[in-house]
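Only one structure is covered here, and it is reproduced in the block below.
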Amino acid sequence: MGKLMNQRTGGLGLVAVVIVLLPWFLPNIFYYDVAIHVGINAIVAVGLNLLIGYAGQISLGHAGFFGLGAYGSGILAGTYGWHPVLALLAALIGVGVLAFIVARPILRLKGHYLAMATLGLGILVAIVLRAETWLTGGPDGMIVPSFEIFGWTLMGETTWYWIVGGLLLVTVWLALNIIDSPVGRALRSVHGSEVAAQVAGVDTTHYKVLVFVISAVFAALMGVVTAFYSGFITPDLASFFHSIEFVTMVVVGGMASTFGAIIGAVILTLLPQLLTGFDEYEAMVFGAILMATMIFLPKGLLPSLAARLRKGG
Amino acid sequence: MFRRFMRKMSVLAGVAVLAVSGAASSADTIKIGSFLAVTGPASFLGDPELKTLQLYIERINADGGVLGKQLELVHYDDGGSAGKARTFAKRLITADQVDLIIGGSTTGATMAVVPLAEQYGVPFISLGGGIPIIDPVKKWVFKTPHTDRMAVQKVFGDMQSRGLTQVGLISGTGGFGKSCRQQALDQADEYKVEIIADETYGPKDTDMTAQLTNIKGADGLDTVLNCGFGQGPAIVTKNYRQLGIEVPFYQSHGVASKSYIELAGDAANGVRLPAAALLVAEDLPDDDPQKPVVVDYKEVFESNFDQSVSTFGGHAYDALMIAVEAMERAGSTDKAAVREAIENTSGLMGTGGEFNMSASDHLGLDLSAFRMLEIRNGDWALID
Amino acid sequence: MALLEIDKLEKSFGGVHAIQDLSFAVSPGSVHSVIGPNGAGKTTLFNLITGLYTPTSGRILLDGRDVGGMPSHRLAAMGMSRTFQNLQVCMNMSAVENVMMGRHLHLNGRILPSLFRLPAVVRGDRACRERSLELMEFVGIQRYADAHASAMPYGALKRLEIARALAAEPRLLLLDEPAAGLNANETAEIDELIKKVADSGVTVVLVEHDMKLVMNISDHILVLDYGKKLAEGDAATVRHNPDVISAYLGAA
Amino acid sequence: MLAEFLQYLFTGITIGATYALVGLGFAIIYNASHVINFAQGEFLMIGGMSTVMLTAMGVPLPVAILLAVAASAVIGIALEKLAIEPAKDADIVPLIIITIGASIFLRGVAQVIWGKEFHALPSFSGDAPVVIGGATVLPQSFWVLGVSIAVVVALGYFFNRTLIGKAMIATAFNKDAARLMGINTRFVLMLSFALSAILGAVAGILVAPITFTSYDIGIGLGLKGFVAAVIGGLGSGVGAIVGGLILGISEAMAAGYISSEYKDAVAFILILAILFFLPSGLFGTRGAERV
């Protein structure tokens, strides 16, 4: 019990300290930009980890929800001139409802079939975003207006750094809350043994749908943030590859580990930036790192390291 | 290959150290930033563009540089993705603190970066073809390739002179094809042609017979125009011959590279397209003022790289020359001064034609820069 | 009235009849055993009763209400609980969390209170953990309180399942071969445990191969063979039934 | 009208046959290892690009094809030995990431070796189209169809008539039992990767003259092949072939009669429909869950 409390508050505290201290080590705006992307990806990964790591249900299509969040808010605020807050809420509710509708038929599937169905769903979203040029600007993307609230315009990397940092902290807190609760145990039991959960009175379908919707809304929220922060969105946000990136963050960092998901997001966001120096070798090195991590640390970085430490100590 | 790899590694380590120490900007070099589609579906654009920039910056440096300083190229590969282009442009401006940006192989990547160039005030010369890049004029944004509007006008002019009026249109769904298609629809009335079929294909499609079958079935078809770049137009060309469509076939300047002819093979014979003089450098009359420039670039490029010259590399050459000439005229690398000097470029002969820019024209080429070519026996032939 | 009544139950997979024309009743407070050779349909019967399978025909009455094909979690809410022949322990959780999961029905399982970690949820969870530790002690695995499920030996996991099933505070507990894979000592302990459970007022339905255990604790025994009822009655009746003897001797 | 319909149909069958070959590759690996090999599409690329490179070096086409297929088989085996076998106990998700990593890696290597340009392979027997009922068909389409049929027949013989083929089926059915029967399941696993690499390479070579080839064609074709395999029911050979043809024909019909913009959506709409209403595909068998 005490150990758990330590992990909770200690971990949360560590994340908060890093967020507060990091700006002293960011030499210029570009690094703020990278940090913001790390934060955005980390939030999606923490949400997705609830679905993949804890409930054991894979999704290869969460970039679809991310893209819908971005385009939903971007189109409502830009093309239709809605207030950004309303656009944000509408996008989140829209994605939540969509996720709720598809969750039941999709989550009846297991394993590779589930992977395939979510993959198809994500790609369909990307295809629609590419094809409906009149609405989305097509493959070349569209411009999104700034986020204005109470006469303030949220502009600039430093402002968004604190917004995303705050959101990350809240997300981690909420995720830790869920995991260590009756709902969290129900989710984990779906992964551990679905029949055991059912005969213990857990309505597994209900919880699977619930966590699917929650993780989709987290992804959509980050889509909204990306749209307003960068002011420019393309259908690539919803692409298959983007979905894979999210899943990879969860798996590389460590499944069923909230802090692992954050570490995965840090690594997978920084890696491409570091690899730009490799020019034509970039893809090769990236692929090799991905394979090696999964072969040698199949449980992901954080759990594998933790296990090693425990053995050593 | 291994040694090259190790060198990359050490360069990478150096870059990392530099980046961490924050000592990115140094006073004795002029930094040219670029983001190009070196990989991905538009790599046939980005690849010669990057090679050209690297080669000519090396040559300029060997000749003593610009304003007594060496040029330094900072390049990122955007893979043709507008989103990545924006990220890298931001990195070029805020982290690498470049003096000028040349880049954006595609219209989409360019348009994603335009707001950044405007916001931060950095001279930006785009290599994208689309007209929205410079129309309306944006203070900091210039471009060197001919616009798709010019290409469409050239094509429609040629159709008019051959008495072809019923046009079947097929276009790629990427930024270039989309913008070119729009220009074709807009310009049709002026050239008294009618678009009687309008089909599209995706950038990765591998078969366009379905779309062409629909065009083939259109009543009174006189000719077909394809707006697109990459391997798509080559597949369209092959499918066109497969279906036995007999009417004259036009492509846009998006296919103005040898790789199009190589891919389409015999099917390409008879295809007409508007393109820069570069492709027919040796065939130009000796009194053509453009001839020395294009012949020289072609020879330099082809002797350094094992591939045929394309107009796309030429656009990068033009952009670099405009930038260098403007810096020399401005006498500094001050961004505002360089921007103004670029805007006052006049009489500069590039591979794409003579550039005469102004406050209202950030391209500076006219229709005369385009030549109408026909592919004969697997090679370009000048027909006007 | 019987707590559980099975009425002309049938279940077939494809063309295979796993359960045929089966009827019996379980009265409250009794220990009711189901025995029979391998493949007799015992586990299938459990899966039907607990809602994992839907009957092909026939009725399953709980408190006189037909619950055939009702989802498991709703049957659990009506007071039914079970263990599994092949362990179904959540190996991604600690031992005590497995038991706490068994108390799911007695906790607030709605999302918002959990999301914001409302004090009521924290209190409920703390009480649940204490009750779960008591149950672990009751089944004799208190020394694994802090252990991870994946680190526990087989025998302890068997008991862990019983603790988890008890955590739901069921009226009807179905135990599927609780002594399978255990040695004589451990079997005797399970024997004691089942008696203790039955004494606490829980109705027990037991599937078991260990005849000594079955004869020892059962109030009523049902013998299945090829999905059909072969015999029924108390230990003495069944023991002397010629059909049962031949079936078991034949099987052996 | 009929001519148009036939045109769409021929187009669909040609591309569908390619999808079918890729789908078969998925099915074979899935049966042997329960791994979905997301790098399957890269074998098409390797087959096509190697053939292009070898012919450019002056190697006669038939020899180039044989060498390219052999090279793909070697890479398939290497993939199994170096990436799949060391991680054989991993969960589904890490395995998916490993094969995706492998596909990115192979693509990266191809890009370094062969560059980023598209390449054309000359058609095997000319480009003069054959006219059937007003629709035109390229001779290469007949090659695609003919070779696909030959491959399917050969595979059928292999799995049903040869000892090692039967061993592979037995392994797919029950790995432990197969091992007890003395079947070398590790060899079977290796063979399945080699076989599906060969299938991919053959498909890649056959379509290269029609669709061209480049370092990154594997992504799209691989995904479509995957869809074909799932439509038919993962692991079913007949299913993969039927799935491939259904997908190819639906795509061509959609492009012709509905909208070319949504041509690619057809595959994924089909897959969602199949999974929602027929979760085990057209020919898949549904395994009962054991409790």
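Should a chain be cited, it is by its letter among A, B, C and D, assigned in written order, with residues numbered from 1 in that chain.
As a working rule, a contact is a pair of C-beta atoms (placed from the backbone, for glycine too) under 8 Å apart; a residue touches a chain by one contact, two chains touch by 3 or more.
On a predicted model such as this, the values are computed, not experimentally measured, just so you know.
When the partners of chain A are compared with those of chain B, the chains appearing in both lists are D. Counted as hops between touching chains, the shortest connection from chain B to chain D is 1. The most central chain, judged by C-alpha centres against the centre of all protein C-alpha atoms, is A.
Ranking all chains by how far their C-alpha centres lie from the centre of chain A, first place goes to C. Centroid to centroid, with C-alpha atoms defining each point, chain B and chain C lie 73 Å apart.
The geometric centre of chain C is 48 Å away from that of chain D, both derived from CA atoms.
Look at where the CA atoms of chain A average out and do the same for chain C: the two points lie 40 Å apart.
Averaged C-alpha coordinates give centres for chain A and chain D that are 32 Å from one another. Counting only residues that touch two or more partner chains, chain D has 111-112, 261, 264, 291.
Residue positions of chain A with contacts to 2 or more other chains are 131, 195, 280-283. Shared contact sites, meaning residues of chain B that touch two or more other chains, fall at 38-39, 173, 202.
Touching chain A in their complex are the following residues of chain C: 50-52, 71-73, 75-77, 80-82, 84, 88-93, 97-98, 100-102, 104-105, 107-111, 114-117, 121, 124-125, 128-129, 149, 161, 164-165, 167-168.
Residues of chain A that touch chain D in their complex: 52, 58, 60, 105-106, 108-109, 111-113, 115-117, 119-121, 123-124, 127-128, 131, 195, 240, 244, 247-248, 251-252, 255, 280-291, 294-295, 298. Interface residues of chain D facing chain B in the complex, by the touch rule stated above, are 4, 7-8, 11, 14-15, 111-112, 115-120, 122, 127, 129, 131, 136, 138, 207, 210-212, 214, 216-217, 220-221, 252, 255-256, 260-261, 263-264.
Residue ranges on chain A touching chain C, taken from their complex, read 1, 174, 177-178, 180-186, 188-189, 191-193, 195-204, 210, 214, 256. By the touch rule above, chain A contacts chain B in their complex via residues 27-31, 33, 37, 130-131, 133, 138-141, 143, 230-234, 236-237, 273-274, 276-283.
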